[in-house]
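Naming follows writing order (A, B and C), and every chain is counted from residue 1.
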Amino acid sequence: MTPAIEFRGVQKNFGPTEVIRGIDLVIQPGEIHAMIGPNGAGKSTLFNLVTGRYHVSAGHIALNGEDITNRAPHDISRKGLSRSFQVTNIFHRMSVYENVRCAMLWNLGYRYKFWQSVRNKRDLTERTDEVLAQTGLSSRSTVLAGLLSYSDQRALEIAITIAGGANVVLLDEPTSGMSSAETEQAVTLIRDISATRTMVIVEHDMGVVFDLADRISVLVYGKIIATGTPAQIRANTKVQEAYLGTDAEP
Amino acid sequence: MPDPRKLGIGALIVALLIVLPMMISSSFALSVMNQIGIAIIFALAFNMLLGQGGMLSFGHAVYFGLAGFVTAHVINGMHVDAFPYIPVTLIPLVGGIAGLFFGIVVGFVSTRRAGTAFAMISLGFAELVTGLTLIIVFFFGGEEGVQTDRWVREEWFGITYGPDIQVYYLIAAWCVIAAILMYALTRTPFGRMSNAVRDNPERTQFIGYNTHRLRWLAFALSSFFAGLAGALHAINVEHVGFETVGLGQSAVILIMVYIGGTGHFAGPILGAILITLLNAYLSDVSPAWYLYLGLIFVLIVMFAPGGLAGLIMMHEPIRRTAPYLLWQMAPAYGAALGTSLVGLAGAIGLIEMIYFRSTTVSLDSALVLYGIELDTGDIWPWLICAALGAAGGYGCKMTYPRVAEAYSAAMHEARALVTT
Amino acid sequence: MEVFVFSLFNGVLYGMLLFLLASGLTLIFSMMGVLNFAHASFFMLGAYFAYQISQPLGFWSALIAAPILVGLLGAAVERYMLRPVHRFGHVAELLFTFGLAFVIEELVQMVWGKVPVPYDVPESMNITAFAWQGLDYSAYRLFMLVISVGIFVALFFGLTRTRIGLIIRASLTHPHMAAALGHDVPKIFMWTFGVGCALAGIAGVIGGNVLGTEPGMAIQLGPIVFVVIVVGGLGSLSGALIASLFIGILNNMAISYDFSLYPIFKELGVERNVEGVLADLVNLTTGSIAPLLPYLLLVLMLIFRPRGLFGMRDV
């Protein structure tokens, strides 16, 4: 089976600082793969490398078997990879509905068309309503995104990420800053959307990670020290020493 | 299906545009209306960049002006059969295509960046083209510019574009068409994504769009409509000079659009009408007109970044839910207006007197202000104006907080009405 | 050779004058993210203030007082007008300074009229300092060079060797960090803006009597200063210095040598007697296109190196 994402010897330096020091990892299609590790281990950097936000210093990244190393972010997005951001990154002056609709325009083939209205397009309306319902934002659809509550903005962040129908989705700390009730809701949503997608998730909440993930990779100082099922990771002594044992979060 | 209410308003506007010149006999007023029509198209085109695409250009008159020159040359060429005949009615399209062409070429370079860098680059291109006007005399006609004659031959229904009234209808028709097209553009995938790249260029990339392409397209389409306006300008005044591409023209359109309001489609229309009218009727009366314009602009930037349209639309939720609340706000608004007028009267008096003393050669003639002859050599007019200004300023300091209170109270009440 | 030295001298002089403007603009831009469109207007105010002060008190008082006044005015503008606009974002700030430039130009016309004012080089320095190869080097120009180089050196030492310079450089690269360390960033902003404007004011005082003090002087020089900071790389002081000198020298060389562009066209196979658009171009000389050169440079820079010479970051 072709891996959804494959990292081969990926490195990233910022000047003399090595942030990612050689990553080899295969993400299987359909799995939920969690990245954990202490702050500054390079989890977000890895996301930024996959999505083309940063340039890779060395090594290769492939998406569904196709090399995407150092391609432009929009190019990678069009190939079916989508991401959410740790710091909410939405279109503040547009309504929730518009946010979601814009996020699917390219993948539904609307591209740069300036001779066709987006109004009353069946595929757009249906898909937008569907995504809004799925993320629990239906009642908020006319509100300006910038005026939403924090947890609704996080939900919109995910709605934008999945709207285009990407088959590989990267979520960067989807539950950060949420109360436990909100986290529970978010977990249900993530499980729901992962049913038809490959998902890579960076998360600090270990409860969420061990609850959701099929496999977990532990990243410490730019290297993966272990990859395996939640049970394997729990039992791994190296992980316990390096990470879980010392400052694990409940 | 378009909204029947909007269709009704549209039909009303078209009817008004048709009968308006019949009610006005002055040729000056007609020429002002022509200028307004051109300004509306240009302002809407400019707002495609500023309001919808988030690109601040200090040099958009370049596309307006270049298209004007091209139009003048094409018409002149038609007169000597150097160009195939195109009805003058359709010549604005030639200007639009010229604008589109220059927009595509320059836009490719300038839209690589957004924000401040884009603004500076637009200024650089404007200076470059302004400099070229005096060098490439063949095309720009040097300091004299290019003359043209819009009366080429008789077109449909005996239209020759000899009389100004025919030009009025030409401009009005193109103005309506261009406004409808530009409105329609806001609802296309391009228009929606143009807003997206304005709000958050980074996220736009991660939903599959090339931000440079989007800005470039917005720039090119905006230049098309700016070119359309430039062509109408060339037809209207039958002359295109180097100043049409210049910084002054670019500055005026920017000020117009911003005062009108960039956040609403109708904002630039409002600004174009208001500023063109004021310019037409005040610039001869007061030497300080540009100072007033600049001050209005600065005040809008500081206190009402949504422009006049934004100020009006702020009251829309109140009007919709409970119009009677507007009446409750009226006293506070009236008091603020009164104190503002007092302060303005004083400030304008002072400004006019200073201008008078610094720019008038002979001080024998007296300054006539508000219909009163003032002796600027005397101390009293200065004292009175200063007192008015100070009183008005102090009054504003007292009344404006009341306006804010009245507004938030009304909004609060309107919100309460909606939720219950 | 003497033409070369002479135009090099004048080019460096013009370049240093540009740098006086560009350095203040760069300082303000890097710290506050604000591109001060009105920067050249403060330069103009410097010249007009100097003219007004030098009438009763003489040039030397003006040299001290005018920049201080301009600086205070700049600080007041930042404190009472620009700061409230800050919350609307950088484009609003740029629009504000644009409106300010517009208003200042009109105010200058209101107070001093539309025609140039007779702000002259002081008598004591309106003499030849030395003559070389038959060309006179005026004492005042020498003085301008000394002042501008002196300020450059003072700025350099101020930024690299003093505590306040350290804080400023820290705020340039890490504005939030500077705030976190307990520095009063709004106050630093206000004084940066003031000092930047004062530098422009000095340029106005020493340049106004050579370049001409009239209401159009701001809009003539302003765009060139923008070119300087884009070409140098937004936010880079050393880039601004090199770009200033380069543009200054290029401009003066183009004017004093006044090369014909005809040989280039001849190489391309265009003869002098062509018709049409080329007829205008064939007879051009570098002197006649000198005012365009900065903008041509800008366009070339954007095509081949969009970040500018020393640009570190995107805007």
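Everything below uses one rule, namely that a contact is a pair of C-beta atoms (placed from the backbone, for glycine too) under 8 Å apart; a residue touches a chain by one contact, two chains touch by 3 or more.
Since the structure is predicted, the reported quantities are computational estimates derived from the model, not experimental observations.
When each chain is reduced to the mean of its CA atoms, the one lying nearest the mean of all protein CA atoms is B. If you tally contacting C-beta pairs for each pair of chains, B-C comes out on top.
Subunit B and subunit C have Cα centroids separated by 31 Å. Centroids built from CA atoms put subunit C at 47 Å from subunit A.
Once the centre of each chain is set as its mean CA position, subunit A and subunit B turn out to be 44 Å apart.
The part of subunit B that touches subunit C in the complex is made up of residues 54, 56, 58, 109-110, 112-113, 115-117, 119-121, 123-125, 127-128, 131-132, 135-139, 247, 251, 254-255, 258, 288, 290-291, 293-295, 297-298, 301-302, 305, 351, 354-355, 358-359.
Taken together, the subunit C residues at the contact with subunit B in this complex read 29, 33, 35, 81, 84-85, 88, 90-92, 94-96, 98-100, 102-103, 106-107, 109-114, 219, 223, 226-227, 230, 234, 276-277, 279-281, 284, 288-289, 291-292, 295-296, 298-299, 302-303, 306, 314-315.
Listing the residues of subunit A that touch subunit B in their complex gives 51, 72-74, 77-78, 82-83, 85, 89-94, 98, 101-107, 110-119, 160, 163-164. Residues of subunit B touching subunit A in their complex: 184-185, 187-193, 195-196, 198-200, 202-203, 205-211, 213-214, 217, 221.
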